[in-house]
Structures are given as structure tokens and as C-alpha cells.
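Two complexes, one shared chain (subunit A), two partners (subunit B, subunit C).
Take a look at the complex of A and B:
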């Protein structure tokens, strides 16, 4: 999406697929298409793959928000893992202790994490580049420690557990729990798609880009730079809160171990790897987060190494893949795909 | 200018979605069909386990599951159980509850294991007990002494194996009451069901006036100076540790730095001298070792791993040399092999037509009568899923654990009596496994 502000003149392409031009109608069509894909996928998948799908959906929710913050508004946050923790603990406390209905608890998770986002974002809007990253990094390290400090409320390292979400009776008694969890997370992801797609094409999205590209020019145009940056942070915090809430539902657990610093770092690498600033890049990023650890583990076990080496190898492979990918495709998977599509189109235009 | 860009994006979106569906559909092909009893064929039985291969609990504990696999390899070489070879898929959960949830889902839903065996840790395994029981997956012999496994009526699939921490705490507490009467006691414990269970046992035996300070720690941090200083400041002359090995080592190094030399009493899960000595050496860059735990009072429910005259230790050492030689032979290796022996007994009892229900029923019905490397009997019945019923007192002497005074058994309920257990240990069977 970042390419939009200064879109290069591309050769006109033939019309192959038509989506409505009005943003709202377009987005609705996109969401319906996404819902159909998720529905069909969850029917065909095994229980374990449905869980992976659910993981992918909540990762997508946080990545979509983070990619708006970083790609559109130009701020780097290393604290989104902690914002997910806010959402997860909100859901765990409200569902586990107060017996709120799930939907209400997830909405509350979005609101609470937005409120935290206002605080962090307001402080962060006064900071630039590495200083902002530093401040959010401190947030990512500090917040999970609160769970251990106040262990009577937050359960310490043990965490808080909640019951699995009840499968509605109209789906039938044999409906697998894992598929229901994938649906819940999928609905959350589609809400994010809907909101974010409308947002980036609205005046708000344009203001974000204006602030990102030139703060002085933006403020000369009457945009309050700090306020817009705070708003971008709050929106991405809301997405992170939603993702955290969904994570708590899928894992039935909110524990500090889920939200270590590594999570915040891997979220940032995932949006970079997927393709910065693009919603589809967020889909790729989510796929990377869900699938790459398993693949690198399988790869590590395919060598017959001593247990001490093979236990640590998956992490090393994960790191190497990230480094190589960033060197080979600095624009991420989505950027590489775009390039391939563009090359294919150019050669087909030349040929016919 | 906008319209063509939109079209290009629409194409890109459609392409990405199509590719996502293709990936998903391709991935579908990999999940095979399930048989009636998952994880069992005519020639094999597959169990899965979650273990801390890296992370704060890895030192020592990471040796347990490979030792179990080594014992299975020994049995498999003898033909397995009813011709089936036992395999163990070991997954690393880093002692992180979140990872435990995801690897156990993977083991049960993707790898279709027959059951989970010796899943390690209290904060970790508590997060999957609900899932395993609702999926009716046998959850054999959790590698933790949390009293929370001992709920046969609520959690019919889950069985403890090592002594319940409250039972252990009571027997340690009785020793403190008898031998350190009137001395001030401080307790350093892990802030979860492990530490709290042990503390409950200590409180059951040691008079409340004698306990001057109880200090919890959260696994993951490395600074235990606040806790140890507080215990020292309270004037405790006896320090009781309900800790995993890394925190026993950190606590002792901190005590040493503070010039604090109490009589140490440590739960058997946190005192294996090879492990703790190694950690002390690493942390102090070679300046300290097992001398910092010399004289510590502890307990055991298996023969000491340094008791070479014991026929079980001799057998385990032989298996270790053949199948698991890369690990040091210590209490963790012994633990893994002994637990593997109990699982093999359960599979033998369950019979040739193995199903998940039959394994659970076999332990419920005959588990109490099982004997093997353990010094005490098991507390198994339809409602009791508690594991070993007691311990024998022990002490670290010359860097090795020496057991003394004879085995004792008790119940975890407050006020229940502690009684000596005198039935002799059987010798290991030459056939590999023997059952009542």
C-alpha cells in the first residue's frame, strides 16, 4: 500500500478480475471472499491444521495492525507482544473469573489494549526512530514481568487458564472444537481485514502516509503530527489486543511465556518478511510465524545430531532463513510476488 | 491512474488467496487415516512427551526422556511388548506453558500418538491435562510430583508417578521436626503447585513457630538474592529448597556470597549432585562445585544412582552404556529408565489387544501391586492416581546421595501417619519386564 502515494505509471493491464471500485463495497466483497476461503479450508483441514489456521488468524490480526503502524505511519514498535498480552489477560480474567460472554470479553480486550495504546502511543509520538523502538522494547520487557509481580491476580509464570469455547449446539455434537476455534479466530481476522482496508483508503490512511513521508510538510498542511502518530499506534494496539484475546481463546491460556520479547521481535520480522505495509504481506507473515518453526524443527531432526545441538538448531535455522530472506527479497514475499507478476505481465505484453 | 493500479492489486490479492488455498490443500494430504487405537500397529506403539530440552529447567531434566527411550531400545531389542516396539517422540517445550500446549496438540492431533508419557513439569503439564482428558488420551506418569495429578475421578486419564510433593514435604518435615527440633526454618520454593505442594507438607509436620520465612521464586529469573537475603535475615538455621536444579545452584551460590551457611534440606527433584554440581561449576566458572551441597538432607524413592551394588542400578548402567552413553549417568537418567519400566509394565498388563482404555484400566486395577526399581509401592486405584507413596531419607555425602533409615510411606492428607515400609525390592527380571 505504501506504493500508493507515489504510484509509478504502470502499463495498463487487461481486466481479468473485477472488484467493485467503491472502497466499502470492495472491502465487503473481499471479506466475503476471505470468509468463503476460511470456511472451505477449515472443512478440509485436520484438527491440528485447524489449530494452525487459528494461530495464523490471530497472528494476521496483530501483523495487519503492526504493518499499518510501520508501513503506513513509519513508526517501529517492539512492544506489540506486550499489547497482545494485555488482550490475552483481559480475556482470561473476564472469561475465567467474571464469566463474561466471549464476544464481550474480546471487545473489552480491544478497548483495554487501545487504552494502553493511547498511553504508549502518546509517549511514543514524542520519540523518533530508534528511541521509539527502545521505549516500546522496554514496554515489551516490563509488562509481562507485572504478571509475575502480581501473581495472585495474574497467576505468575503459571498463567491463567480458561475453559475451551463452547461449540454452539446448532453445529452438531460432533463438530470439532479445533474447527470452532479456527472460525472464531477467522472472524476476528476478517473484522481486521474489513476495518483496515477501509481505513488505509480513507482520509485517515492518507494522513498517515503524509505524516510518514514528510512530517514538516504534513504539519504545514495542518496535520498534527503527534496526534496522527498516536492514532496509528492506538489502531495497531487495538489489533494486537484482539489478537491477544483470540490467542487466549485458542490456547485457553494467558501466561507470560507466550509474550516474551522474542514474540515482539518475531512479529516485526514477520511483517518485514511478508512485505511491509501490505495486508497481504501480513497474511504471508502469519503463515511464516505458524509454519516456519515446525519446518525448521523437522529440518533440524533430519540431521542426526546430538540432542544438545538439535534442540537449539530450530532457532538457528529460523534466524538463518530470516537473514537470507531479507537479503534476497528486501521487499518481502509480497514484494517478490509483485515483481514476478510484473515480469510475467511485461513478457506477455511483449509477446502478444 | 488509480484504476489500473487497483486492478493489479485485485489480481495480486486473488493470486495470493489462490496460493494460500493451494498450500492448505496440499498440506491436507499429509494427514493419514486413523486406526481404532491411534499410535498402535502390529509392530509398534508410539508415545509422545514434552520436555525442557532448552530453557531454565533443561539442565539435568533434558536427560530424562532420552534415558526412557534408551530403556525402550533395550526392551525393543528383546522383542518389545507383545511384539510391539515402543517409540517415544520427544518435543521441546522449553518449560514454557505456551509451548507445552502447542507441542501436545501437535503430538496428539498431528502425530497421532497413543498417549503422552512423562510430560515434564508442573506449570507446563497443568495446561494440557484438560485437553488430554477430554480427548481421552492416556496421560501416563507425569514427570512432576504435583498433588494435582492425583484426581482419578476428575482426570481419569492422568497418572502421577514420582511421590506427590506433599508426601515428600511431610517426610522431610518429620525429619526436620525430629532432628532439627527448635531450629528456625526458612523455605525457598518455586511459586507454583510444585513449591506450594511441598510447603504444605512441611507445614503439616514442622510447628508453625519454627518456620520463620517462606520465599517464593518465579522460574525464569536469575536473581534470587532478595529471597535468600530475606531467609538469612529471618535467622533461619535450616534452609528447605523446593526448587528445580538450577535454582538450587543459584540459591547455594547466593548463600555462599552472602556468607550464609544453613543446614540445607532439598526436595529430591532439585538435588541430583551431578546436575547441581555441574551447574555450580558453570555459574562460578569452575570455582565451586558439589561441596556447596555437601551434607544436604534430601530423600529418594529409587535407589541412589551411585549405589552400584543395587541390581537395578547395574542394569540401568549397562543400558546407559549401550544406548545413551552421551549423557552422564545420574539421577535423571535413572529416573527416565525407571519411569519407562513402569510404562512397560502397564503395557504388558494391558494385554495383546492394546487400546487406550485397557492401559488406563490396567494401571487402575493392578498398579498398586507393581514393583520394580522403586523403594516404595505406588498409590494407584480408580480414584488414586498419585504415584509412589513415600520416600527414604538421604544425604549428600562425598558428592553422592546416600539413602538411610529405611523407606516410609504416607498419604498427602493433613495429619495422616507416616509409616515404615519394609517389603524388599525385587531383582530386575531377565525377560525385561515382569508384572504381578
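Take a look at the complex of A and C:
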């Protein structure tokens, strides 16, 4: 997205339909557009597809935050799955035990995971590259152990279940639960779109980029490198907390099994596949996370293979996709698309 | 008291394995600035090959040697075919390619050998030594593990410190441009570095296999704790990797012995954060820490 903001003004002769220039108006227009798309999509989808849509929405929320952390601020975290767990357990405890309203519980999840993000981010802002990756990796494998240690509160390996969110009566008695869950997750994702779009275009976003590109130059300009990096971590932690809270609502469960190291790693692979530092990249990443497992399962079962092979084929496809995608499109799906569009535009300009 | 001695000795022997994995990661980090998450998959594959060789020939030592040789070849192959393309690029891309390779290797191993873990014979007896009437948990096989890892670590140190080849490898890692001007085949040195690292990794796999069994994802914890040990010691320092491995092995052994195995991962987190807060570049870092 940032490329749009910084693109040089094009010659006025070419009239194109474009979004408003002012950031706030532009973002509001985007959010309304997104809401319309989600609304229409959820009408037409089956209940299973609506659940997938809900999954995609909360994955988008965490990926959008992670893409700010890695793309704008240049930090690599292997621990955002654990931050999602913090959000999920907060919602499960508050809704299940304290009977808080859902919105309040999700806000609380964002606040709690932000607080954890302050701790991890402040500790991590002293660390560079692989050291931060190592510390957050230890965080990702260490935190789920707490759920087992304090099993009376956190429900041990079985986790905590919560009741499905009540569908409001004004939507009618026959309104499917899955569509309502997709709406809830969709609203969460749109809030993230709104906040993040404003953020990356603000002074905060520019400071993140300045710190990422050259720490020394940034600190000479008066930017406190450690503080900006911590802030980026906190913002991404807040997104992860929101995503975790939404996950707990959609799955109606918060259990350590959902937040193994594999989740943190697949989040990282998703932002790299989608394209770093762009929200559209986060959408691609979320789509890959939701759709690829199903597709590769179907593919594996469409051939008559031995059980050993077909059971492992989806995993092999995932590995190959990661390797090939990173070698073929180092800037992710969004980077590749942008390049294709640029080439097409250049050739059409030459032709006309 | 016996329990403490047991836990200490056990910590040293598992720590030696973490140290070997950490050493493999550190060598690759020093040479190419890549954290090789695929190491866990590479050592898994070589251990499976060793298991097959031992199963069909009945000779442990033949399997041992074949695993190490396969490690050398696999390391060189991975660097030359795959990693060469992402070296010097954005660090995240190299991480993702390594993760992709880890996933791919685990899937392939599942296809070839199945997902059910199988047992692996130890080199020597796993019956603990008798000392003054009590039997220790430390067995001749543990002595073997510790001695082999110490021997390999010393051998590598000697290679880097005293040989012309080691000097060229260090030059290629520290200043590739200058080294190239001075006639060092930098690319070849990187390939060799990866081969040696994978050799050490495959050694760790064969050593730890009797206690964790051999399966596609059976070595994931070894990789994670090896990486933790490498970060603990400082990714640029081979002695740091060894010390980090032993420290981590000891701490995890005490925690799991006195507090229960479920807290092991949490203990690893606490130790790592505690060390990194005092020394952000690991125990053996030489660079000045960064102020916040």
C-alpha cells in the first residue's frame, strides 16, 4: 500500500477512478467497500465457507499486525501464536467465567495482549534479528506450558470452551450462526484495516520505516530507536490479541493445541508469501493459510496413493510452495502482482 | 544427593547434543548469516538412513559413518542448490526457505519411512554405572556422547584456528569481498561450511536418536533447544554454542527433575530472557550491547 502513498503524481491527462487522497476519507471508503464485500460474500457462501471466511478474517487481523512489525519495523517474531493465545484465553475466561459481553471481552483481550506485548517488545527491542527470533521462539513454546501448569484456571490440555455467540434477534430466527461468526470476525478485520491504514500513513508509520532503514540516521533525527521498535511490537501484539479473541469466538474454544509453535511459524510464512509491509499482502497470506490446507488435502486424495504418501502430501506441497514462492517471488504474491501490473502499464503506455 | 548427581550428569549428556546442534547452526550463521531451521530435517533424514543401514547390515558403526557422510553431502547439496539463491537477500526469505525445506523433508521422510517413530540402537550400553552400590543414570553411552561432541568441537576449533583451510573459511565468512580479491573461492568455502555444519548436525541426530526415537518430527525439540542454546551462547561463537548447550541441558534437566517435565519449555524461556537481558548478543558476544 505504501507504494501508492509515495508514488509520484501521475500526469493529469490519464483520468482513472481512484480513491480519495486524504488518508482518513480513503480509509473509510476502503472499510465501507470491505464491509460491502464481506456482507455480500457471507450471503452467498455455505456455512462451512462462512467459517473459512471467519478464519480468514482473524488470520488477516494478526497478519496485518505482523506485517507492520516485520515489514515496517524490520523485526522478526516467531512468537505471535503465543500472543494470539493470550487474547483467546482472555476472551474465554471473561466470557465463559465472568459473563462479560463479547465486545468488552474482545477489547480486554486486545488490552491484555498489548500489555504482554509491552513486556516482550521492551525486552526484544534490545535484541537484533536472530536473537529476537530466538527469544520470541522461546516465548511461543514456553507460554502454552502455563496453561498446563495452572490447569485449574486455564483448563489444562483440554482448554476452555465458551458458548457460541448469540445471534441478535433482529437478524431473524433462521440466521445461520456461521454467518454471524463471519460477521463478527469481519468487523474485527475491518477495524484492523481502518487503524492500520491510518497508522502506516501517519508519522508513526514513517518513523517505523526510518528506524528500519537506518537506525543510526533515525536516532540522529531524534527518533528513539528502542521505543519505536517496542511500539511496533505492541501494535502487532494488539492485533494478535484481537485475532486470538476472534479465534476463541469462532472455534468456541481456547486450548493450547491451537497455539503450538506451528501456528507462529505459519503466520511468519504467510506474511512472507503474501508480501511484506502491505495489507493486501496480509489478505493473500490469510487466504493461503485458510485455503491451501484444504486444496492440498483434496489434491492428495484425488490420486490413488498409498496411505503413507497421501497423508504427507499436503505437508510436502506446503514446503514446496514456501521454497518455490520465495525463490520465484522474493517480494511475495503482492510484490509479484505489483510487478506484473507495472509491466502491463508500461507496455500499454508505450503502445498508446 | 544421588538425584542431584544424576540430574547433573543427565544434563551434561543432553546438553552435549544441544551443543552439537547449536554448533551446526552457529557454523552456518557465521558463514552465510542464515539461521538454518532446516537442520532439524537434515539430521532427521541422515538418522533415518543410518537406521536403515543398521537394520539391513546389523553394523552400528557402518550406519554411524554413513549418516555422517550423508550429512556432509546433504549440507553441501542444500547450500549449493537452494540456499545460494537466498544468501545475502532479505533475512526473512532465507528463514522461510529453510522452514519450507524443514517441512518438505519431514513430509518426504513420512512418505518414505512412515510417521510412526521407530527405535534406534545406542552405540554402547545404556545400563548406568555402578558407583558405591548405587546405580547412576549415566551410562557408557552417555560417556560416548559427551566425548564425541567434545572431540568434534575441539577438532573444528583446531580446523578454524590452525589450518590454512580454516583461515580461508573464516576470511570468506568475515569479509567475503576482500577474501575473493585475495583468491579465496568464497562460494566453495560457504558450501564447505554448510557441509561441515550438516556433518555435526547428523552426528547430533545419531547420538540423540536412541532416547527420542526416529520419526519425521521427532527431532523438532532438539532443533528448538539447539537454536535456543546457540542464541544463549551467541550465534557468532562456537565456544558459546557448546557452553550454551551444556548450560541449557543442565537447567532443563534440573527443572524437569525437580519441578516436572511440563515446565521445561517455560524454563528455557526464562533462562534465555534472563541471559539476553544482560547480554543481548548471547553469553559469548564480542559486540557492544545496544542501549535502549
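What we mean here is this: the second predicted complex is superposed on the first by the 338 of 352 C-alpha atoms of A that agree within 3 Å, B and C clash if a C-alpha of one lies under 4 Å from a C-alpha of the other, contacts with A are read in each partner's own complex, and residues count from 1 in each chain.
Everything below uses one rule, namely that a contact is a pair of C-beta atoms (placed from the backbone, for glycine too) under 8 Å apart; a residue touches a chain by one contact, two chains touch by 3 or more.
It should be emphasised that the depicted structure is a prediction, and the values quoted were computed from it without experimental measurement.
*Asks:* A:138 contacts which: subunit B (first), subunit C (second), both, neither?
*Replies:* A:138 sits against subunit C, while subunit B stays out of touch.
*Asks:* According to the stated criteria, A:311 is in contact with first (subunit B), second (subunit C), both, or neither; which is it?
*Replies:* both
*Asks:* If we overlay the two complexes on their shared chain A, which of subunit B and subunit C does A:123 touch? Say first, second, both or neither.
*Replies:* second
*Asks:* According to the stated criteria, A:320 is in contact with first (subunit B), second (subunit C), both, or neither; which is it?
*Replies:* A:320 contacts subunit C only, not subunit B.
*Asks:* Identify the partner contact of A:276: answer first if only subunit B is touched, second if only subunit C is, both if each is, neither if none is.
*Replies:* In the superposition, A:276 contacts subunit C only.
*Asks:* After lining up the shared chain so the two structures overlap, which partner does A:268 touch, if you call subunit B first and subunit C second: first, second, both or neither?
*Replies:* second
*Asks:* Contacts for A:339 in the overlay, against subunit B (first) and subunit C (second): which applies, first, second, both or neither?
*Replies:* Touch partners of A:339: none, neither subunit B nor subunit C.
*Asks:* Return the residues of subunit A at which the contacts from subunit B and from subunit C coincide.
*Replies:* Shared contact residues on subunit A: 148, 308, 311-312.
*Asks:* Which subunit A residues qualify as touching subunit B in the complex?
*Replies:* That would be residues 4, 7, 9-10, 12-13, 15-19, 21, 30, 33-34, 37, 40-41, 44-49, 51, 53, 55, 148, 151, 156-159, 161, 163-164, 178, 251-253, 255-258, 260, 280, 283-284, 287, 294, 306-308, 311-312, 334, 337-338, 341 of subunit A.
*Asks:* Which residues of subunit A touch subunit C in their complex?
*Replies:* By the definition above, subunit A touches subunit C via 70, 76, 122-123, 125-131, 133-135, 137-139, 141-146, 148-149, 226-227, 261, 265, 268-269, 272-273, 276, 308-309, 311-313, 315-316, 318-323, 326-327, 330.
*Asks:* What does subunit B use to touch subunit A in their complex?
*Replies:* Per the stated touch rule, the residues are 1-8, 10-17, 20-21, 23-25, 27-28, 31, 53-54, 58, 62, 66, 92, 94, 96-99, 101-102, 105-106, 109-110, 123, 126-127, 130-131, 134, 191-193, 218-221, 326.
*Asks:* Contact residues on subunit C for subunit A in the complex?
*Replies:* That would be residues 29, 35, 82, 85-86, 89-93, 95-97, 99-108, 110-112, 114-115, 216, 224, 227-228, 230-231, 235, 262-270, 272-273, 276-277, 280-282, 289-292 of subunit C.
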